[in-house]
Structure formats: structure tokens, C-alpha cells
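Common to both upcoming complexes is subunit A, partnered first by subunit B, then by subunit C.
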Partner chain A sequence: MNLRTLLRFTSALRFAPLAVGVALFYFFHTTSLGLRQFSLGYPPSVVATSLEVMYPFAYATAIALGAWESGRLREAEIWQLAPARSQYRIAAQVLWPAVGVAWSLLLLPVVLGFAQERSMPTLQSLPPLLMGMLLCVAHSVIGFIVGCRVKRIVAAPVVAAGAWLAVAMSWTVEPFWWRHILGTFEPIEFGERASAIAILADVLPTCGLAVALLLYGVALHRSIGKLGSAVLAILVFASCSGAGFQLARDWGASAPMARAEVPMTCVGHDPEVCVPDISESMLPSIATQVTTSLTRLQSAGVTESPSLVTDSLPDGRSPRASTSQTWYVDLSRGASAGRLATLIIRAAVRFPCHDPEPELARTVLLWAATKAHQVGEVESGFKEDPFFDEAQRNRLHRRVAAVLSQPEQRQAQWYRRSLVVACDQPGSPS
Partner chain B sequence: MHFSTRVGIVGAGVVATVGLSATAALANWSSYISSWTDGDQSRRWADSAYSQVQFKGCFAQYGTTDSVNIQLNRDISGLPDAHYDTKTFTNCFNGSNYWSNGEWTSLPSGNYYFEATKVAQGGSCCLLFVDYVYQDTTSAD
Partner chain C sequence: MTWWFRARLGHSGLPAGLACLTLLALALHDTSAILPSLTLTSGAPTRLVEFVPIVATTTVGLCLDSRLENAEVSGIRPVRLFDCLLVAFVVAVVCIIGLGIGLMLGSKLAMEMGRDTAFLVGLMLSARTWIGPSASMVPLGWIAAVALAGFRRPNDPYFWTVIAEPLGNPVAALASGAVFGVGLLCLIYRSRKST
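Up next is the complex of A and B:
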């Protein structure tokens, strides 16, 4: 069949305007604002955010058009008319326009997303897109096999609704592993990229089902019999879906992400201050504030002296714990939100426990903020806490004033002792 | 595009959404709860990586069980929302000065809200009252 005949014959093209309409509606209704709010133009984030809402529609389109096209072949008795031609070739010929329409639901929002964010795709940003494209092929094959057995007028809407519901609703149900094996991806954070294991868990069950149905429905029953091909198909599906389940069964609400290489810009020495390239314009003011605050704190007896203060923005949703030499601080977002001084003070005041006694911890922090000349910013943070009322704030100020009235050397001793004492007492209840 | 420019755009985006159903704020907020039953939802807020919800002074009218299940959800316009872990708050039912704390980590960026999925014994039996609700977007506090 030549291209012109195929395009005239296929129903996929008649469905294409609707698919494009859905893609455009969801991009401008949902995705565009999410990209502006959260992606920072970071390519893996642009791809994942653009695709999140489109996966269910792309898979539903692929499986419905697959079922519809195979029903047309069956009703036209193409299989009987061309017994000598490869069935794979015939199936592929009618499926590729269907797959192309499903792919347009994935490709269009990604292209629009990069255009809006004025960013360019990178290799590490593409796996969620390639995963979606592969699963569109798998869904079209599943739909094709179903359409070989069931009337297309019934099969197409049923498989479309089934695929859409299974994929879209997977994020609303527990156990969580459901959402990790049906071919979706949640937004990726700055500094992250899709991990190979998460992609594998997503593709195995659906691809396994497609291969199993293909083995059973199209080819093998002619050579090794229906029973043999059925057993083989069950084995393929069970092993692929079982492997996907085994990979994802212990994951939480989010699949594991891999850490991406993020180019950083650094300045200074002891401490060297580093931010990702996208924050480069803010680096001079960030570095000045870091070094000024550290100098003031050190002269007051807060003896922490890191060799590196680096932005935790590239750590994505899993920030690394600071060490005495390397501090991971939310520098870019902190500077933008006017909270940088608070973050530096909190990094410098290192309690030897996770949950220090709150009253003493606040006293130490406000004392350190006074020494760093940043009382206002730290106080405004305290005021946001409705559990810490005005009477408590007044008591806090009296305690800090009492400490500040002592000689400098005594204050430094009080500070060192307080770090230990705050951790000797039980912390907040939970 | 530079990070500082991005933040400006974020602010503009949030202002633009005021009045829409899924309005999100970028800062911590506090409030109270009156007459919530199963399925009632909080306001939306923008968050990433970490989120904390605290209740102080809880009371379940008609309840025989002093607890409330709080589920964190990510708002996805036009599709079913993504659900995250559910926390059971009990300590705040011990009195007006007792509080319960729910923390969620490793969250993707998005607009979030919490939902009371089971007040007291559940089945929309009861009405929840909370004196203070505090939502914190940062783990640095």
C-alpha cells in the first residue's frame, strides 16, 4: 500500500485534529503554568512536566486506534485476501499512523514546553518521552490484537476508557507500586533525571502484555499450536509484569530519581561558595552574605568554618546532609525569598541532634542572629509560627538580652554549652 | 533564563491565578478548621521537596475515636490528583495545648492540599474542629 492510499485508508488522520486539540487544551490549561512555576527551564523538568497529564490520553489514543484499525482490516477481510503477505508487515503498515497520532500527544506539549521556557532538550531529559513513545507502540499493539477478536465499535471505546482510567487513576490509589508500573512519570526536580530502574518498571508490564498478545494472537498459533502459544504468552506476560512489580513494590509515592550533572559556578576560598549556573547572577550577593555572616558568627564564638558552601538546589527533592566542611544550603531559593541569612545561621548553629529542645534552640538562634546582624529576618520566621505566641516571643527576647549582657567570652561559653544542653532534653512531641 | 528572573515569573503566575479554583500561595500559612467531615479539603499551596502540616487543639463532634487521617494531595488540573502518604493525627485530641505533626518528604514541585479522609471513626459520622492549623513549606524551621 503506498503512502497516499494508506493515509486515505487510515482513520488515525481523522482523529488527529481531536488529538491535537486535547494536547493544546491541556498544555495551555494545565501544563503551561506548572512549567512557569516550577521547571526553572531545566530540560528534564520541562519534559516530565509537559508529559505528566498527556500519558493517559496518548495511551488511550494508541490503544483505541489500534483496535479500530485492526477491526477495519478484519471487516475488510484483508487477512484472507493476502495470505502470502507477512501479517506483521500488514499490522505495522496500518498501525504507524495510529502510533504517530498518539506520539503527537506527547511530542506537541514537549515542543511547546521548551519553546515557552526558552530551553533546549538534552539527552538526559529524553527518557520519559522515549518511554511514552515506546508504550504508545505497545498500547497500539494491544489494541490491535483486541480488535482482531472484538467488534471495533465495542473494542475501541472500551480499551480507550480502560487504558485512560488505569493510567490516570493510578496516582490516586494505594499501594503505591500501581503508579510506578503503568507508564507515567511525575514532575522531575532541578538536578534530577529519570532513573533507568524507574523507566524499566514502567515499561515492563505493558510491553510484556503487548509481546504476549502478539505471540498469541498473530503468529505462533500457526507453528506451535494454540496451547503452546498461549502458555508462552502467559509466561512472557507473567515474567514481565512480575519483574515490574518486584522493582516497584517497595517504592513510596515517588519512584527513585537519578542525580544529574548540573554545571556549577563557584567563587571565593574558605569558604568557596557555589550555585548552579542558572543562579550565577545572584552569586556575588550570595557569596558576600555568606562570608559576612560567617565572619560575624565566628568572631562571636560560633566556630564552624566550612571550606565549601554549596547550593542544595541541584539536590532535587533529596537534599544532602551538611558536614562540618561542606554545607548544603538552599542558597538560590533562600536569597530569592529573603531568607538567606536565616539559612546560613541555621547551618552554622549545628546542634548535635536532630530535634533540640525548641525553647533553648530558639534562644541560641536568635542570639546568633543578633551576632550576625540579622535579627529581623529570623524574628519574622518566628512570627509565622502560630504555636509561638507573643508572650513566648517576649520571654525569648528577655532570655537573649540576658545572654547578650554578659561579656563576649561568657556568651561564647554559653553558646557551646547550650548546643549540648538543648540535645540533652527531649525534643518536640509528634 | 536566570533563577532570579524565574522567581519573578513565579510570583506573577501566582497573582494571575487568584480567583481560580486551584489558587496557590508560596509561603507558610495558618488557619483553623470548623465542621470538617470526610473528604473536606484545605486551601492550595505551592510546595516542593518537603511539607509539614500541624494541628493544635482538635475535637471531633459525635466521634468515639480521637483521631483524624490527613492525606496530602498534589493538584493536577483536569486529571485525578496525585495522592501521597496519609498521616493519622491523635495527639492534638488530648487538649487545646496539644499538637500533632505530619511531615512529607521527597515531594515533587506542585500545588498541594490536604484532605481529611477519616474524621474519628469515619463514614462522615463526625465533625472536626481544630483551633490552629499551620502549614510549613520548609524543613529549615
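Up next is the complex of A and C:
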């Protein structure tokens, strides 16, 4: 069949305007804003955020068009004709426009997303997209084989509703493994990338079902008989979906992410200050602020200077703990939000426990802020705390003033003791 | 009437479809899910029972498409009248099933199923006049559109959604009756040759 004939008869082309309309509308109405707020132009984030809402629509489109085209062939009694071409070729020929429309639902938002964020796709950003495209093929195969057995006016809406519901509602239902095995991918944060194992868990069940149906419905009847192909199909499906379930069974709300290599730009020496390339323009001012604050804090005896202060932005959802030599501070976001000094002071005042007594901790922080000449910023941070009222603030100021009136030597002693006390005895300020 | 009954799958497809519908309605009568939405950032809370009428619309489509072409075009029997009766019968049975399940299990949502089915069947029949068998996708499209753009706030649907409105809503009831009527008219007056 030549291309023009194919395109004139395929249902995919008639459905395409509607599908593309939904994709465009979704992008400009919802995705675009999310990208601007969260993606930072980081390619894996751009891909994942653009695709997040489109997966169910793409899969429903693929499976419905697959069933519809298959029904069209069946009603035209293609399969009763003497075989001149391979059945697979016939199936592939009517399926590719269907798969193409489903792919456009995935590709379009990704391309628009990269255009909006003025960023270029990288190799490590593509797995969620490729996974979606592979699963579109699998869904269209499933639809095709269902359409070989069931009339298309029944098959198409039923499989489309099933696929759309199963995938779309997976985000809001427990158990969590449900959402990890149906081919959706959650937003990826800066510094993360999709891990191979998460992709595998997403791909296995659906592809297993497609292969099993293919084995049962088309491929093996002639060589190993109906029963044999049924047994084999059940085995394939059970092992694939079982493997996917085993992988995802213990995952929480989000699948495991791999750490991406983020190119960093560094400046200075002792401390060396590093930020990701995307915030390179802010680096000079960040570095100046970091070194000034550190020099002041050091001379007040608050902390030893680390050899490396690096941005925690590339750590995504799995932050690394600072050591005395390497500090992970949220430099870029802190600088954009105008609270960099607070973050440096918080990193410098290293309580030996995770949860120090809050009142004393605030006293120490405000005292350190005074030493770093950054009282204003730290105070405005305190003011945002709804559980910290005017009276408490006044008491805090009186206590800090009392400490500051002492000689330098005594202040440093008080500071070192307070770090221990805040962790030792909750509720007993010195 | 016997050949019409058998040609329309009255002995096989119709009871099978209605049995599927009953089972689905029993399984889903009180389940909701959050579906992706454009108008609500938190997603549209959708009662899964809204999807069950798809079984009824596809059953109706399947039965009406199963014809004895030559006999029907040339015959003198009032086949269209029979067809209308068939459609009305399906909708009536779904209403009874919905009411039965609703009263038995105390589920208000299941009772809406009859109204939703009347609306979606009417929609499907009207669409068949223009787009032929592809019309069987229209009810699903409507349900998806309601989830996507049908809600002002959670549990506050726009009036045009019809299927998302609560049971006693007069506008929704009137709209489903009207659309069902239009669907039947389309069924009666459509071209004889179309399938």
C-alpha cells in the first residue's frame, strides 16, 4: 500500500488533531508553568516534567488506535485472503501511523519544553521519553491483538478506558508499587536522572503482556499448538509482571533515582566555592559572600574554614551530610532567595546532634549572625516562623545582648559550651 | 421479529453486555479515583461508576451494527422501531440495575448510572449519524473531557458535564432526557444505507 492510500484510510490521522490539541492545551495550560518554576532548564527535569501528565493519554491513544486498525483489517477480511505478505508486515503497516500519533503526544511536549527552557536534550535525560515510546508500541500491539478477537466498536473504547484509568489513577492510589510498574515517570529534580532499575520496572509488565499476547494470538499456533502457546504466553506474562512487581514492591512514593554528573564551576581556594554551571553567573557574588562570612565567623571562633563549599542543588532529593572539610550548602537557591548568609551561618554552627534545643539554638545562631554582620537576614528568617512570637523574639535579643557584652574570649567559650548543652539537655538554656 | 432479535445479538451480545455491566457496577459502585485535570491542580475526583455506561454504549453500538443488510433495506418490517425499543430497553435495564444496586448497597452513585447511560447512549447515537462506528469512542471522550475540564472546584462540576452532577440535579436529568431523545430521532431518521 502506498503512503497516500495508507494515510487516507488510517483512523490515526483523523484522531491526530484531537490528540495533538489535548497535548498542546495541556502543555500551555499546565506543564509550561511547572517547567518555569521547577525545571531550572535541567534536561532530565524538562523531559520528566513535560511527560508526566501525557503518559496516560499516549498509552490510551496507542491502545485504542491499535484496536481500531486491527478491527478495520478484520472487517475487511484481510486475514482470509491468500497470504502474499507476512502478517507481521501487514500489522506493522497499519500500526505505525497509530504509534506515530501516540509518539507525537510524548514528543511534542518535550520539544516545546526544551524550546521554552532554552535547553538542549542530553543522553541521560532521554530514558523517560524512550520508555514512553517503547510502551506506546507495546500498547498498540496489545490493542491490535485484542482487536483481532473482539469487534472494534467494543474493543477500542474498553481497552482505552482500561489503559487510561489504570495509568492515570496510579498516581493517587496505594500500594505504591502500582505507580512504578505501569509506565509513568515522576518529576526528576536537579542532579537526578532516571535509574535503569526504575525504567526496567516500568517497562517489564506491559511489554511482557504485549509479547505474551503476541505469542498466544499470532505467532505460535501453527508450531506448538493452542495449548502450548497459551502456557508459554502465561509464563512470559507472569514472569515479566512478577519481575516488575518484585523490583517495585518495596519502593516508596518515588522510585529510586540515580545521581547524575552535573558539571560544576569552582572558584577560589580554601574555601573553594562550587556551583553548577547553570548558576555560574551568580558565582562571583556567592563566592564573595561565602568568603567574607567565613572570615568573620572564623575570627569570632565559630568555625574552622572548610576547604570546599559546594552547592547542594545537584543532590536532588538525597542530600549529603556536610563534613568539617566539605560543606554542602544550598548556594544557588539560597542566593536567589536572598538567604545565603543564613544558610552559611547554619552550616557553620555545627551542632553535634540533629535536633538541638530550639531556644538555645536560636540564641547561638543570632549570636553567630551578629559576628558575621548578618543580623537582619537571620532575623527576618525568624520572623517567618509562626510559632516564634514577639515576646520570644525580645527575650532572644536580651539573651544575645547579654552574651555580646562579655569579652571575646568568654563568648567563644560560651559558644563551644552551648553547642554541647543544646544537644544534652533540652529546655535548659545556659 | 425473531430474525431481527437474533440479528441484533439479542440472545448473546446483549445479555453478555448487560451482565458485564452489572458485575462492573457492583465492583465499582463506591470507588473514586483522582484523575489528571486541567482545571484542578489537585486532579479531578472521579467516581469510577461513571465509566460503567461505556459498557452499555458499546453494547448498544454492537447490537445496532449487527444487521442483516439486505433483509433490512428491502423489508417491510418496522426495524427502526424495533431498534428504538432495543435502545430504550437497554437504558431501562441499566436504570433498574443502577437503582437496584443503589438501594441494595446504599450507594447514591450507582443510582446515577441510569441517567448517565441515557445521556451517553443518546450522545453516541447522535454522533453515529455523522461519524459512523467511530462514535463508540465518543462516550469515553466525554468522560475524559469531564475529568479534564469539567470541574470548577472539587465536587463542583460545570453544568454541561451532566454525568458529574449529583443525582437530583434537574438540569442534568433534563439534559440526559433531551440528548437521549435526539439520539433516538437520529436512529430513526438516519440514512438506510449506513451501518
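Brief remarks follow.
Note that in this section the second predicted complex is superposed on the first by the 421 of 430 C-alpha atoms of A that agree within 3 Å, B and C clash if a C-alpha of one lies under 4 Å from a C-alpha of the other, contacts with A are read in each partner's own complex, and residues count from 1 in each chain.
We take it that contacts are C-beta pairs under 8 Å (C-beta built on N, C-alpha and C of every residue); 3 or more make two chains touch, one makes a residue touch a chain.
Values in this document were obtained by computation on a predicted structure and should not be read as measured data.
Judged by the touch definition given at the top, the superposed model places A:330 against subunit B, while subunit C stays out of reach. In the overlay built on the shared chain, the residue A:278 is in contact with subunit B alone; subunit C does not reach it. Using the contact criterion defined above for the overlaid structures, shared-chain residue A:295 touches neither subunit B nor subunit C, since it reaches no partner. In the overlay built on the shared chain, the residue A:11 is in contact with subunit C alone; subunit B does not reach it. In the superposition on chain A, A:346 makes contact with subunit B only, not with subunit C. Once the two complexes are laid over each other on the shared chain, residue contacts for A:160 go to subunit C alone; subunit B is not touched.
Once the two complexes are laid over each other on the shared chain, residue contacts for A:64 go to subunit C alone; subunit B is not touched. By the document's definition of touching, of the two partners only subunit C reaches A:152; subunit B does not. Here subunit B and subunit C are compared by how many residues of subunit A each touches, and B touches more.
Once the two complexes are laid over each other on the shared chain, residue contacts for A:254 go to subunit B alone; subunit C is not touched. Touching of subunit A by both subunit B and subunit C, each in its own complex, is seen for residues 26, 29-30, 53, 56, 168-169, 171-173. Across the complex, subunit B meets subunit A through its residues 1-4, 6-7, 9-10, 13-14, 17, 24, 27-28, 30, 46, 48-49, 54, 56, 74, 76-85, 91, 98-101, 105-111, 132, 134, 138, 140-141. Touching subunit B in their complex are the following residues of subunit A: 26, 29-30, 33-34, 36-38, 40-41, 52-53, 56, 117-119, 168-169, 171-174, 179, 186-189, 252-254, 276, 278-282, 313, 316-319, 330, 332-333, 336, 339, 342-343, 346, 381, 384-387, 428-430.
Those residues of subunit C that touch subunit A in the shared complex are 33-36, 38, 41, 43, 48, 51, 54-55, 57-59, 61-62, 65, 133-134, 136-137, 139-141, 143-144, 148. Residue ranges of subunit A in contact with subunit C, taken from their complex: 11, 14, 18, 22, 25-26, 29-30, 53, 56, 64, 68, 151-154, 156-158, 160-161, 164-165, 168-169, 171-173.
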